[in-house]
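Some structures to go through are shown next.
Both complexes shown next keep subunit A, but they swap its partner, so subunit B is in the first and subunit C is in the second.
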Partner chain A sequence: MDYEISLITTIGITVMFALSLNLITGFCGQISLGHAAFLGLGAYTSAMLCQAGMPFWLTLPLAMLVAGLLGVLVGLASLRVRADFLAITTMGVGFIFIGVVRQQEWMGGEMGVTGFPGSGLGKTGFMALCLALAALTAGLSLYIQRAWMGQVFKGIAEDEDTMRVLGIDVPRYKLAAFAIGTALAGAAGGLYAQNLKFIGPDSFGFVESVTVLSMVVVGGIGSVFWVVVAAAVLSALPGWFQFIGDYKLLVYGGLLFTMMRFSPHGLAGIAARFTKARTAPMPGASR
Partner chain B sequence: MSSAPTQALLRVDHVSVRFGGLTAVDNVSFVVNEGELLGLIGPNGAGKTTMLRAITGVVTASEGNVYLHSEPLVHLSIDQRVRRGLSLSQQLVKPLRTMTLVENVALAAGFAKTASPLRSLLHVDRGVEMAVGMEMLARVGIAERAHQLPGTQPLGVLKRLELARALALKPKLFLLDEPLAGLNSKEARAFANTIADIHQGGMTVVLIEHNLGEVMRLCQRLVVLDNGKKIGDGEPRAVMNDPVVQAAYLGGDTLGKAQSEAQSQEAAHA
Partner chain C sequence: MFFVELIAQSLVQGSIYALIALGLTLVYGLLRILHVAHASLFTLGAYIGVLTYNATGSMVLTLLAAMAVSGLSGVAMFRLAYQPILKQPPHVALIASIGLFIAAEECFRIIFGASGLSFANPPLQGQVQLFGGLQFKQAELAVMGGTALIIGMLGWLQTRTRIGVACQATVSDPQMAESFGIRLTMVRDLNFLIGSALAGFAGVWVALLNNLVEPTMGSVPSYKALAIIVLGGLGSVPGTLMAALVLGLVESFGTVYLGKVLDRNAIAFAFLIVVLMVRPQGLFAKR
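This part shows the complex of A and B:
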């Protein structure tokens, strides 16, 4: 039973993390190759505040705040660069995060942080918390998609210049996407630290950023339901198949390549084609 | 900062636009009066589209200013200018292809709800805007395609969609960049009639267009640019009869012809 509880907890945290990237990359079209840095920032904030004696539940909003603030800073960089340049910029942010953490002894340096107080919820209670927060994130994502913000994000993802001509303050909306997405990643980071009871710089490297991006791409950029499915399945796979854990980058990199080549709209695109939900083919979808 | 005359909705005041060593618009001034349909014309490369882009903020004026009523616009971003009442229908139609036609127009119609990210987060209902979207699509004659995606539509429909979307912003000044380009003569005539209807509904319009037949039919006044400079401004027939404008439009031979005709007429009178 312990294994199942641990697996479901990991799935809940991963789903939340993937949905947080889906807000930025899926909804608003801003590619990020350094999203694990925000997971890490939330994890370090929560773990170190717990270590300082703060109750876990209080560290979560602060983890969100710290990650969200850095997210806005990275978002500011996104205002000046587009697409592929943004991918490189965010990748750089990821490397900077790892580089800084490694050098800071007060953050545990190479050895990481461990031995911080627990959440006090017990394994089942913590699993329930993770699932509840993942469900809340999914609910928020669906709400944003239905709200005017979702429409504006969709437009910005397709064509920023046209949105400007429609009176949209594109930079502010991009910053909003980064703020919300990175704050949610920060909360997921707080849960991640509590779940593993150990965090180190290598837990938030480039591989993790690519892993979460592949979850969003495999699910279908912008689709809440299919990103949840992809994140749940892909986070469970390494536990079921040893070789996936051993060759993580190869497997997720291969999945990214295969999806981009054969179904750029991911599982959501495949499902849409099967159910013929749309009257016309999606732009860019391979036939 | 000088104030614009009361009847002038838009005042372009000594605007120059330079790209490196190239002067695309050279010290151009003109006004657009309230309720007017003004034609901004000139041969290819005259600087018309650059002028329009300087008005909307797509390019930044190197010198001079643009005033809407009396408010200077030159330091405002595109979206801020749009929210103050400018609306641009672009030469290259750019519909959002993942949204249906009516959703495209509704997105523009919801400009009050999209003024800030927070406001857009707090509003979900799109009923009113979808209704405005249908109304605008009906106004430009493509309501029956409202729920189709732009990817399957011919150019004529997409041009009308662009028009409907720009109208949904409820602008004070409507800027149209070559709306008739790429349409056959029948489509162009019908489209021009739609523009005339919009103008007669009280809209102030600036029209950039190469189809001179329709320009002469629609416009009350013309401003002519050539090589970035203003070479004519006035009532359409008077402007088009100006030998300088004719020469710019039709080539140097015409100037020669125009001058020789003028000389022979003078000689005949003598």
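This part shows the complex of A and C:
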């Protein structure tokens, strides 16, 4: 039972993390190649505050706050650069985060942080917390998607200039997408640190950023349901098949490429093709 | 003296960056694709180089083999991976490219082993004394000389030959170029061939300078080269060259003076982000 519990906990955290990126990249069309930095920032904030004696439940909102603040900063930077540059800028943010953490002794340096106090919830309780927060994130995503904000996000993803002409304050909505998405990633980071009981700079590198992007892309950029499915399956697969465990990166890379080459709208696109329920164009299909 | 040595080292580093980034710029200028998988051709060139040199012992043959294999693989990559998705929004090609790059790195690991290969007896290792007690390895001098030669040739090709002018026409307006009878596919093939061959050439020299070829040797150059073409103002060849040298300098001096706070990659990307905030169009672009 222990194995299943830890697997479900991991899936819950991964789903939450993937949904947080989906808000930025899926809904609002802003490609981020450094999202793991925000997971890391949340993880470090929560772990170090726990170590300083703060109760775990109190560190989560602070992890969200810190990650969200950096997210707004990156969002501000993103307003100045055009789309092609944004991917590289966010990639740079990821490298800077790792580079800084690696050189800071008080953040554990290369060795990472370990031995911080637990959540006091027990394994099952912690699993329930992770699942509840993941479900909450999914609910929030669905709510945003249907709300005015989600419509504007979709408009920005499809045609930014038209939205500007319509009198929409595009920068404000972009910043909102970054703030919400990165804050949620920060919360996922707090759970991540608590789940593994160990964090180091290598857990939040470029590969992790691409992994979470692959979940969003394989699911179908912008589709909440299929992103949840993709994140759950992709995070569970390595444990189920030892073959995939060893060749994990090959499978991720291959999946990313195959999806983009043959079905740019991901699983959601495939599903839509089968059901023919598709009347409006897929979200995220800009131009 | 220390100062001069630093500058000399950054010239070597800058030459290598320039060789890799040139191919990326050519591809970006033509197709507006951020070609992350370019670095896998650099790694491929390095592997082919080491294998050929250990088998034949001839440096000329080694360079030719590496450039031919990398160049042709580049064309194959364009035909099989990019050409079918040119009509999709730009993030599709970017993500496909990242997937391809990750899968390629894993293939290198599976085929050639994780520990890497090295030259049985590496050539051009002797030290050369230059003016003022400045010392270079023969291989380092060869890299700088080779880079200058190749760039000179490319410049001549671009401005003085029919095919070069055709390339320039295609960059500035593909439709117009096509209606004037320029075969777009031929121009694109040629750009991938040349750019990828340069990456293979760089791979051999990096392999020789470190006397080591690893599956992951392409990761760092891949991200750095992206930073360089963004710095140079995407798609501009002279800008890319200048940016490569500038980044070489910034890294060498940054590591000495900021090494305690940031690692090498973080310095490069911090520089990139600062520049982008001040000049969003890149260092050397003319708007």
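Basically, the second predicted complex is superposed on the first by the 277 of 287 C-alpha atoms of A that agree within 3 Å, B and C clash if a C-alpha of one lies under 4 Å from a C-alpha of the other, contacts with A are read in each partner's own complex, and residues count from 1 in each chain.
In this text, contacts are C-beta pairs under 8 Å (C-beta built on N, C-alpha and C of every residue); 3 or more make two chains touch, one makes a residue touch a chain.
Note that this is a predicted model, so its numbers are computed, not measured.
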Touched partner set for A:Thr162, first subunit B, second subunit C, both or neither: first
First, second, both or neither for A:Gly92, with subunit B first and subunit C second: second
Partner chain in contact with A:Gly112 - subunit B first, subunit C second, else both or neither: neither
Partner contacting more residues of subunit A (subunit B vs subunit C): C
Touching partner for A:Arg172 - first (subunit B), second (subunit C), both, neither: first
Touched partner set for A:Gly266, first subunit B, second subunit C, both or neither: neither
Which of subunit B and subunit C A:Tyr252 touches, first, second, both or neither: second
Which of subunit B and subunit C A:Ala147 touches, first, second, both or neither: first
Contact footprint of subunit A on subunit C as seen in their complex: 32, 34, 81, 84-85, 88-96, 98-107, 110, 219, 223, 226-227, 230, 234, 259-270, 272-273, 276-277, 280
Parts of subunit A lying in touch with subunit C, wherever the complex brings them together: 31, 33, 77, 80-85, 87-89, 91-93, 95-96, 98-100, 102-103, 206-207, 210, 213-214, 217, 247, 249-250, 252-261, 264, 285-287
Subunit B to subunit A touching residues, read off their complex: 56, 77-80, 82-83, 88, 90, 94-99, 103, 107-108, 110-111, 113-117, 119-124, 126, 148-149, 151-152, 165, 169
Touch list for subunit A against partner subunit B, complex: 143-144, 146-149, 151-152, 154-155, 158-159, 161-162, 164-170, 172-173, 175-176, 278-280, 282-283
